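What follows is a set of structures to go through.
Across the two complexes that follow, subunit A remains constant while its partner is subunit B and subsequently subunit C.
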Partner chain A sequence: MKAKGSAPLAFVLLLPAMVCLGVFRIYPIALTAWGSLRRESFEEAGRTLFVGAQNYVDLFGDPLFWKSLWVTTKLNAVINPVQVVLALLLAVMVNQRFRGIGFYRLLLFVPIGVSLPIACVIWRLMLDPQSGLINSLLGWVGIGRQPFLIDEHQALWSILAIATWKGVSFWMIFLWAGLQAIPLELHEAARIDGARTVRRFFRITLPLLKRSLLFVLVTDTAVNFLLFVPMFLLTRGGPAYSTNVLMYEAYKSGFIYGEMGRALALVMVLLLLVSVAVALQFYFLRQEES
Partner chain B sequence: MNSSGSTLLRHAGYLLVGCIFLLPLWWAFSSSLKPLTEVFRDTSPFHLRALLPVPFHPGAYLEIFQKGFGRAVWNSLLVAFLSVTFGLAVNGCAGFAFAVLSFPGKNLLFGITVLTFLVPSEAISVPLYTVVRGLGWLDSYAGLVVPGIANGITIFLFRQFFAQIPRELAEAARMDGAGWLTILLRIYVPLCKPVIISAGLLIFIFQWEAFLWPLIATRSEGMRVVQLALAGFEQEHQTLWTELFAASVVSSAIPLLILLPLQRYYIQGVVGSSIKG
Partner chain C sequence: MLNRLFPPRILSLLGGVAALACSLLPSPATAAVTVRWLTLSDDLWPDCAKKVIAGFEAKNPDIKVEMDNYPFRQLFETIEVRMKAQDADVDLISVDVPLVASYSVRGYLAPLDAYFTPDELASTWVASSKQAGTYQGKFLAAPQNNSAQFMYVNLDLFQKAGLTPPACLVADEPVTPEKVAAIADKDRWTWEQVVEAAKKLTKTGPEGQVWGMEFDQVSRLYQLQALGESLGGQLVSPDGLKATGYFDSDAWKKAAKWYWSLFNDWKVSPKGVPPGETANQFAANKVGLLIGGEWNISTFKKAGIKFGIAPHPYFSGGKPATGTGSWHLGLNKASKNKEAAAKFLHYITADDEGSRIWFETRGQLPATQKLLTAIDQLPQYQVFPEGAYRLGVYEARHTAVPRPQTPGYLQLEDIFASTFEDIRNGSDPNEALPAGARRVDRFLAQFRK
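Coming up: the complex of A and B.
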């Protein structure tokens, strides 16, 4: 159906959102892109000079950039699928109806209220190699003490676990809403046809949940590529740069070393990376739909 | 397996997952109710006392409010409330336009909108600071609320929701001579409850958790938001663990108290079966 004669109304409805996006998002992004082509002047404090692509050229010749890119890619290749699958499992769990489900829902909701900075502070104490609660609990089941956040090979995965603990309940809510939107009759019909639970899930639930899944996957990816608070509060990018994601590298460049041009160039690379990841997700999920 | 056995197994599974989710906050909660000297006494070697508020000493809760934590809670609630109200109106209208109406440049505008939500507010905070300073909104509620109102994620969420409402409803109303505004208000808005809750929750949580932007955009004590006040407990002199825990518990409880009554809208399945997924 063509929505004829709706352009004037569309203009009115879109105006506030577009003006706000323009002023508070697009204009600052343009300033970022412009700033990535400039560099602080040595002669005059506070002045910047146009240097063309030099910030990018320097970046691509810097091993630390490639290390950060690798850490960012590695983290995201794991954390996004893990979080979406766990959120889906949780959504299926809270969507069940039986006596006592209200109580379990309450438990599963808890991390939604806990902000990421708080989650980081509490988990840092719990993961402490000496006095942490987790090592004590591991000791009970016969596992030796683990270094967690202070070990080069465990730090990134510890952060992944903390961010996942914090994140999955939140994403679960959106998938739960999606599950609720699936008409019960469809399940009833399939059940009468004798379709088994697992089969019903893959044949009916999953295809109908695609919109919600796409939304969660895309948004979660955008959030995780820019994950910064745990590295900032827990590891400072270490040990041995093992948690030095691009976002943290950008923060260091801009706010610790005062190289704003480099920081903004890093941000631009990161934005490109997120855009490509999200475009791929759209492409594959949409294609499957048709 | 008989049915009572499988019921037991199910409860065990739910309880295990539930405990994993609850444990960190529970530990913070029970620690917040102890004297400062007792907090780390039983964590290693572990004693069950570590997870119980004994000896009971709730003084930290009084102290945080004497130190102005209440003001921070109020600021965050106000900022979150304003953001949710304006955010739902502005982004809901935009989502409706993208999903239902047709106009020139629609795909381009929607593409730009989607791109904007990929941009971290952290990444653009420096240029954003310049913009907000230019508007004279530093250290004000406007400076905390307005830059975040229009939000690509929320527009996307609304668009996805409106797009799944059958077009036949709108078509039938058009046949009867209804204008688009009437269709929006009479057909789409009443069906909106689930997406309003999802989007409202999204906006609320993002504002409640905001840290970097309030840090940059506010200066005075009176404008401090919850996450900044929390950081204060860790920085001044030494870390006051019990107060930090107490403040963490309070700031985690508020979003949960708001969320819990809302969950019935999901359980009732207000979307109903009249709308195809």
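Coming up: the complex of A and C.
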């Protein structure tokens, strides 16, 4: 009876969020899907024609699309686990209490305060093949100069390093908050029972951190699938399309080439990819929980 | 009775409100049309444009011109978005001249023929500039200025290396049309000579790394088109709808291999330096030879370096070819202020006063016949470095090669830049060029239907 009576109230309370979801999420997705079935008419500025699935047919027949899909998948297969593991390690570290920990915490928070475009510009200077700081440091330890952003085998991994430097502290905060919610008594009891640090981490910390980890993993994946700024500012998709992720290809199609239908088809593919990746993460982490 | 209905306080309040309302309404004498111009924000462009706008507004007090300024790359993207949305708030757009065909097929530009007299259309600009602003018989973008390419020579670095510089225009020697013709006809260096000198100029010394040669707009089509053209290569078919067989022709493969060698074999030019920074390196005495536009003259003059200006090189056995074409001004088809906007367009591109102010403040090679003739005749252009405009006039009349007219120029330019950037970074030209040509053709296919 009580549950029945609270249903209208729940509906009213949820309504603003549902309206926002509809206006800011569902409607733009519907517009994107509709736009991906249309193509620019050359008879009148701004007019588009319905072409059915032709944009997708053209896309799937384009080798550059498959190259971009591969680059996007490769980047995400590495960057997401790397960022989550590093964020977890840092969260465990900053959760310790020892003299001077405040200084280390401050150092770790610095990248959060730097905007990504500024971080990219600074990293470009540091990775400069002729006069960059990193190459000077490598020279001192006897390693030859590295081309970094101008080499097709190093550019993607250089971007991965920059994005990780920028992002990992942010994700660390969520995991740190999760760690602080774990009762100290559990660790104390385990310690009295003779459990060592590693065992306590895998048997107590990790299982109780699963919800925070799920949130970080899902959000980080969505963010990294849409990663665009470093490619735009540092490599413009090159060298040899080695950093030409789907998001950058979509941007280029829409805003440089003026092919909005192709750009929207690319965005729909990207949306599908992110949805599949997130659904799989939910599935596996929930399954482990049960 | 009236006092009862409207007490004095209410009447005075109403009077005050009415007076305020009247003061806020525009009076007929001050009503002004505002023309909005979507244009560049790079270096001194907005300041130069403001001087022309001031001259125009002094003559046309009923028209105000306001600029929306964007950096070079973002300008093209903004134009795409706002023109596609038929944004009526924009009246004028700066048009990079090879995009006239692309903007035309997309319906962004209104024809300008009605805003000029037949005489003006026939004789105001040099024929190549007027033609470049025309597509399928319609005059769509009026030339604001032209451009020319030179080889800047760092005389101090040549002296330190014990090398004889190429025949060039230098300070303290009068720049006569005869001298310009002589060095351009007989003493123009070949690219092979450039490389030989660049190898000797490239060195790491106590003052840091010195590079033998650099291009101003590295890897961009505008800058490098002259390489292929010098060997007889075109980038697209004459109808502008096919790249395979042109972009990857033997001539272009040879030119691209030479470009690859600069960075990967001879190592006389640096990798990783973006366009726009190479001119700063030249101004800092770090580069021996710089291939760049005439707009750099004032920068190098201010930097106080000892430099000369030589004609743009060519390949031995090929023909001299130089980059040309620059910014034109177009009228947005969706504009609601076409008449007022066209008045300003006329002022800056064709009017004696407006085009002169633009040339004198901006310092780019003009496109009008009158200004070009003045450069050849006025004594102020007999002095270096301003006299280099005479070399610009010579190149515009003898060696300038316009960029290809194709509705897919946006795609061609972007793919050209990424292909040549890859070649600069070590990709094999024999693979990169055919791949680039196929990509351009994929986009051009939509215009063939």
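What we mean here is this: the second predicted complex is superposed on the first by the 286 of 290 C-alpha atoms of A that agree within 3 Å, B and C clash if a C-alpha of one lies under 4 Å from a C-alpha of the other, contacts with A are read in each partner's own complex, and residues count from 1 in each chain.
Throughout what follows, contacts are C-beta pairs under 8 Å (C-beta built on N, C-alpha and C of every residue); 3 or more make two chains touch, one makes a residue touch a chain.
All values derive from a computational prediction rather than experimental measurement.
Peer 1: Taking the superposition as given, does A:104 touch the first partner, subunit B, the second, subunit C, both, or neither?
Peer 2: Only subunit B is touched by A:104; subunit C is not.
Peer 1: More residues of subunit A are touched by which partner: subunit B or subunit C?
Peer 2: Of subunit B and subunit C, B contacts more residues of subunit A.
Peer 1: Just subunit B (first), just subunit C (second), both, or neither: which does A:149 touch?
Peer 2: second
Peer 1: Between subunit B and subunit C, whom does A:198 touch in the aligned arrangement: first, second, both, or neither?
Peer 2: In the superposition, A:198 contacts neither subunit B nor subunit C.
Peer 1: Quick check on the superposed pair: does A:141 touch subunit B, subunit C, both, or neither? Answer first, second, both or neither.
Peer 2: Touch status of A:141: no partner.
Peer 1: State whether A:40 touches subunit B only (first), subunit C only (second), both chains, or neither.
Peer 2: second
Peer 1: One more residue to check, A:252. First (subunit B), second (subunit C), both or neither?
Peer 2: Second partner only.
Peer 1: Using the superposition described at the top, list the residues of subunit A that contact subunit B and also contact subunit C.
Peer 2: In the superposed arrangement, which is not itself an observed complex, subunit A uses residues 130, 260 for both subunit B and subunit C.
Peer 1: Would you tell me which residues of subunit A are touching subunit C in their complex?
Peer 2: Touching subunit C from subunit A are residues 40, 42-46, 62, 64, 128-130, 147, 149-152, 236-241, 252, 255-260.
Peer 1: Write out the stretch or stretches of subunit B touching subunit A in their complex.
Peer 2: 7, 10-11, 14-15, 17-25, 27-28, 40, 43-46, 50, 90-91, 93-94, 96-98, 100-104, 106, 109, 112-120, 122-124, 126-128, 130-131, 146-150, 152-153, 155-157, 160, 164, 167, 170-171, 180-181, 194, 197-198, 201, 205, 208-209, 211, 226-227, 230-231, 234, 244, 248, 251-256, 259-260, 263, 266-267, 269-273, 275-277
Peer 1: Can you check the complex and tell me which residues of subunit C touch subunit A?
Peer 2: Against subunit A, subunit C makes touches at 76-77, 80-81, 83-86, 102, 105-108, 209, 270-273, 333-334, 410-411, 414, 418, 421-422, 425-427, 432, 439, 442-443, 447.
Peer 1: Report the residues of subunit A in contact with subunit B in the complex, numbered from low to high.
Peer 2: 1-7, 9-11, 13-14, 16-21, 23-29, 31-32, 35, 90, 93, 98, 100, 104-119, 121-123, 126, 130-133, 135-137, 139-140, 165, 169-170, 173-174, 176-178, 180-185, 208-209, 211, 215, 218-219, 222, 226, 228-229, 247, 250-251, 254, 260, 267, 270-271, 274-275, 278
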